[in-house]
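Once you scroll down, you'll see the structures, which are given as C-alpha cells.
One chain, subunit A, links the two complexes that follow: it is found with subunit B in the first and with subunit C in the second.
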Partner chain A sequence: MPDLGLEVLLKGRNLARLLGGLWVALRISLLSVAISIPAGILLGVVMTWKNPVTQALSRLYLEIIRIMPQLVLLFLVFFGTTRVFGWDLSGELSSVIVFTLWGTAEMGDLVRGALVSIPPHQYESAAALGLTERQTFFCVVLPQTVRRLIPLSINLITRMIKTTSLVLMIGVVEVLKVAQQIIEANRMSSPNAAFGVYLTVFMLYFLACWPISLLARRLEELWR
Partner chain B sequence: MTKPLLTVEGLVKRYGEHTVLNGLDLTVREGEVVVIVGPSGCGKSTLLRCINALEPIQSGAVRLEVAPISRESRDLPALRQKVGMVFQSYELFPHLTVLDNVTLAPRKAQKRPRAEAEREALALLERVGLADRARDYPRQLSGGQKQRVAIVRALVMHPQVLLFDEVTAALDPEMVREVLDVLLDLARQGRTMLIVTIEMNFARAVADRVIFLDGGTIVEEAPPEEFFDHPKTPRAQKFLNTFTFDAVKRPHPSSLADPTT
Partner chain C sequence: MSIAVLRDYLPLFARSALLTVRLGALGILLAVLVGVLCSAAQYFRLPVLQQLSAVYIELSRNTPLLVQLFFLYYGLPKLGIRTDPAVCGVAGLAFLGGSYMAEAFRSGLEAVDRVQLESALSLGLTNAQAMGSVILPQALSISMPALVANVIFLLKETSVFSAVSLMDLMFTAKDLIGLHYNTVESLTLLVVFYLLILLPISILGSLVERRLRYAGSGT
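Right, the complex of A and B next:
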C-alpha cells in the first residue's frame, strides 16, 4: 500500500480541526438554506404573478445571480462593500449573505417551476367542486407543489454545501482551508499527506451530503 | 311540468374575434336529462364551462333557480357546490387517495365531519363498484375507474344539477360502458343532468331531450326518438349521417348481378 500520508491526521488536533472546518462549512450552508427556502418560496410565488413589474424585477434578480460566478459574488460582498460602503463584514457573514442570495434565487425558480407545472385543470376541477381559491391553493396546489419540490430542493442543498469550498478564498477557515493548512505544516515530515488529507475531505463532504441524497430518494419513492 | 332549475339566457362567449356561443337560451327542468350533441368545435364543452362560470362570458346570464352564477358572484364557490361537474380528463387529485379525493370538498367546502363524509363516500363508491379501491391512489386505477371516482366526487356534494363534459371521450372503448352505466343509473334516480356526449346510442337511451348545437346556437331541440329518427334540419341530418357507414366490400343488393363477381 502506498504511503497516503494519513498519519498526519493523527498528529495533534488535526482530525478535530478538520471536523471543525466541516462544521464551519455546514454552518454557512445550513444557515443559508434555512433562510433561502422560505425566501425562495415567497419569491417563487411572486414570480408566478402576472404583474409585469414584479416579473421584470424577479427575472433581473434571478439572471444576475445566476450569471455571476459565486466566487465573484463573494469578492463583491466581502471586499467590494468594505471599500464602497465601509462595511466590515466578517468572511462568514459575507458567505451567508452570498449563499442566501444565490439559494433564494435558485429556490425561487424551482418553486415557480413547480407551481406552473400544476395543470390548469387541477385548479378548474377544484373550483368546480366549490372549493375557494384559498382552499384550492392549500389543499390541492401546495401539496402537489411540495412533492415536486422536495427532490429538487434537496439537490440544491447539497450543491450549496459543496460550493462552500469557495469561501476559503475570502479567508474563512472551513474544511478545505484546514486541509491545506495541515498539508502545508507537514510538507517536510509527510510529503504525501496531500492525497490522504484531501481524500479525507472528500469523505467528509460525502458523509454530509449522502444522507440528504438518501432522504431525497426516499421521499421521491414515497410520493411517486 | 316541474320547475326550471337551470336557466341560460342570451349567452354570448367569444374568444377574441371568434364567437363560440351566440346568444344561447336553454332551460333545464328539475329531474330532466338534457343531452347536447353537435359537431366538434360547436361550443358544447364551452357551454358547460360557462354554466359553471369556469369561462368568463361576454353577455347573457346563467341562473340556478334564481341565483345568478357568474364570475362576479360573491358566493360562487357555494353555488358551484350545487352544480356538479365531471370532466373528460377526470382530473382527480393525484396526491390524494380515492377516498380523500371524494371527501376533500365535503370536508373543506361544506365543513362536513370526516366520518360522515367518508361514510357517504364509501356508500357511493360501493354503488359504482369501487369500494375496494378507496385506499388506492388515482395512478393505480384504469381510466374508467378514475372517471367513476370523478362522478362520485361530484355526487357526494349533493349537487342539484350535474354537468358531464364528454366523460367517455378519453376512455378506451371497453371502459366506456362502465361509465355510461353509472350515468344511466343516475338518470334512473331522477337526477337533473346536462350531458355533452359523442355516444349517440347512449344519448338516445338516456335523454329526455336532445339539443343539437351548431355554430354557437341551438339548431334543433327534440325528444331523442324524434331527433335521431327524423331530424328536421338539414344540418342535424348531415351531422347524424356522419355516424353511419355504408358497406364498401360486401356487394350491395343492386350490384349482385355484376358479371365480374
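Right, the complex of A and C next:
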C-alpha cells in the first residue's frame, strides 16, 4: 500500500481546521443564496413586465453577469473597486457581493422562466371562472411556479457552493487554502500529504453538495 | 486609463486568450466524447459501465473544477502520476464537462419515447439505422440548448486554469496587476478578451439552437 498522506489529517487539529475552511466557503455561499433568492424573485417578476425600459435593463444586467466567468467578476470587484473608487473591500465581502449579483441574475432567470411557463389559457380559464387578478395569481399561478422553482433553486445552492471554491484566488482563507497550509507545514514529515489532503477536500465538497443535489432531484420527480 | 499600456499589454493578453481557447476547445471535445460514452452506457443499460458512469457523474457534478484540478495537478504526482499543466487542465475540463454533457445527451435521449426505437426495429431497421435516422436526430435537437449552455459554461470554467500555473487570461491579468499596478488596463483587457471569446460562441450557439429546433414540431 503506497503512502497516501492521509495520516496528516489526524495530526493536531488539522481535520478541524479543514472543516473550518469548508465552513468559510459554505458561509459565503449560504449568505449569498439568502440574499439572491428574494432579490432574484423580484428580478424575475420585473422581467415579466411588458415595460420596454425595465425589460431592456433587466436583460442587460442578466447578460453582463452571465457572460463573464465568476472569477473575472471577483477580480473586477476585488481589484477593480480598490483602484477606481479606493474602496478596501475584504476578500470575503467581495465574494458575497459577486455571488449575490450572480445568484440574483440566475434566480431571476429561473423565476422568469417559471412564470412564463404557465400557459395563457390558465389565466383565461381563471378569469372565465370569475377569479380576480389577485386570486388568479395566488391560487393558480403561484402554487405551480413555486413547485417548479424549488428544485431549481436548490440546484442553485449547490452551484453556489461549488463556485465559492474560487474565492481562494482572491486570497480568502477557505478550505483549499487551509489544505495548502497543512501540506506545506507537513512537507518533511509526510511528503505525500498533497494526495490525501486534496482527496479529502474533493470528498468534502462532494459530501456538501451531493445530498442537496439528491434532494433537488427527488423533489423534481415528486412534483413533475 | 493609458492607451500606451493597453497597446503594450495587448499581445500578452492575445497570447493567453489563444491558450484559453485552445485548451478549452480540446477539453470540450473530450467532454463531449466522455458524455456520449456515458449516456450510451446508460441508454443501452450496459452492465457495470452503467453503474460506473452513474458514480462518475455524481462525483464530477458535485465538486468544483478548481478542487478537481488541485487533486490532478498536486495530488496525483505523489502516486507517481506526473502530468504537465496543459494536460492537467484539459483532463480536468473533460472530467468536469463529461458529466454535464452526459446529462444533456441523456435528457435528449429520454425525451424520445422508447416506443420509437421498438417501432423502428419492428419496421426492419437495423440498430444502427434506428439510432442514426430516428432517435439521434430528435435527441440531438432536444439536447441542443443544454449542449450550447455547457460549452459556454465550460469555457467560463477555464478561468481557473491559472491555479495550475497555466498562463491563461486570468494568470496574465493577475501577473500584470502584481507587476505594474496597471489594474484598470489589465482588468479592461481581461473583460474585453473574455467577451471576444464568449460573445461569438453565445450568438453562434443561439443560431444553431434555432436551426435545430425541429423535434416535436409535428406533435
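Convention: the second predicted complex is superposed on the first by the 224 of 224 C-alpha atoms of A that agree within 3 Å, B and C clash if a C-alpha of one lies under 4 Å from a C-alpha of the other, contacts with A are read in each partner's own complex, and residues count from 1 in each chain.
Basically, a contact is a pair of C-beta atoms (placed from the backbone, for glycine too) under 8 Å apart; a residue touches a chain by one contact, two chains touch by 3 or more.
These numbers come from a predicted model, not from an experiment.
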Practice task
Using the superposition on chain A described above, determine whether A:Val24 touches subunit B (first), subunit C (second), both, or neither.
Solution key: neither
Practice task
Have a look at where A:Arg147 lands relative to subunit B and subunit C in the superposition and call it first, second, both or neither.
Solution key: first
Practice task
Could you look at A:Trp223 and tell me whether it touches subunit B, subunit C, both or neither (first, second, both, neither)?
Solution key: first
Exercise for the section: In the overlay, answer first, second, both or neither for which of subunit B and subunit C A:Trp210 touches. Expected result: second
Problem - Partner chain(s) touched by A:Val77 [first = subunit B, second = subunit C, both, neither] - result: neither
Handout entry: Partner chain in contact with A:Asn192 - subunit B first, subunit C second, else both or neither
Key = second
Exercise for the section: Could you look at A:Cys139 and tell me whether it touches subunit B, subunit C, both or neither (first, second, both, neither)? Expected result: first
Practice task
Classify the contacts of A:Ser125 with the two partner chains as first (subunit B alone), second (subunit C alone), both, or neither.
Solution key: first
Problem - Partner touching more residues of subunit A, whether subunit B or subunit C - result: C
Exercise for the section: Jot down the residues of subunit A that show up as touching in both complexes, subunit B in one and subunit C in the other. Expected result: none
Completion exercise
So, in the complex, the side of subunit A touching subunit B is made of residues 119, 121-122, 124-132, 135, 139-140, 143-144, 147, 223
Exercise for the section: Show which residues of subunit B lie in contact with subunit A when the two form their complex. Expected result: 52, 54, 77-85, 87, 89, 91-95, 104-105, 108-110, 150, 153-154, 157
Problem - Residue numbers on subunit C that touch subunit A, as the complex places them - result: 58-59, 61-64, 66-68, 70-71, 74-79, 152, 156-160, 162-163, 170, 173-174, 177, 183-184, 187, 190-191, 194-195, 198-199, 202
Handout entry: Complex interface listing, subunit A residues touching subunit C
Key = 2, 4-5, 67-72, 75-76, 79-80, 82-84, 158, 162-163, 165-166, 168-169, 176, 179, 183, 191-192, 194-199, 201-202, 205-206, 209-210, 213
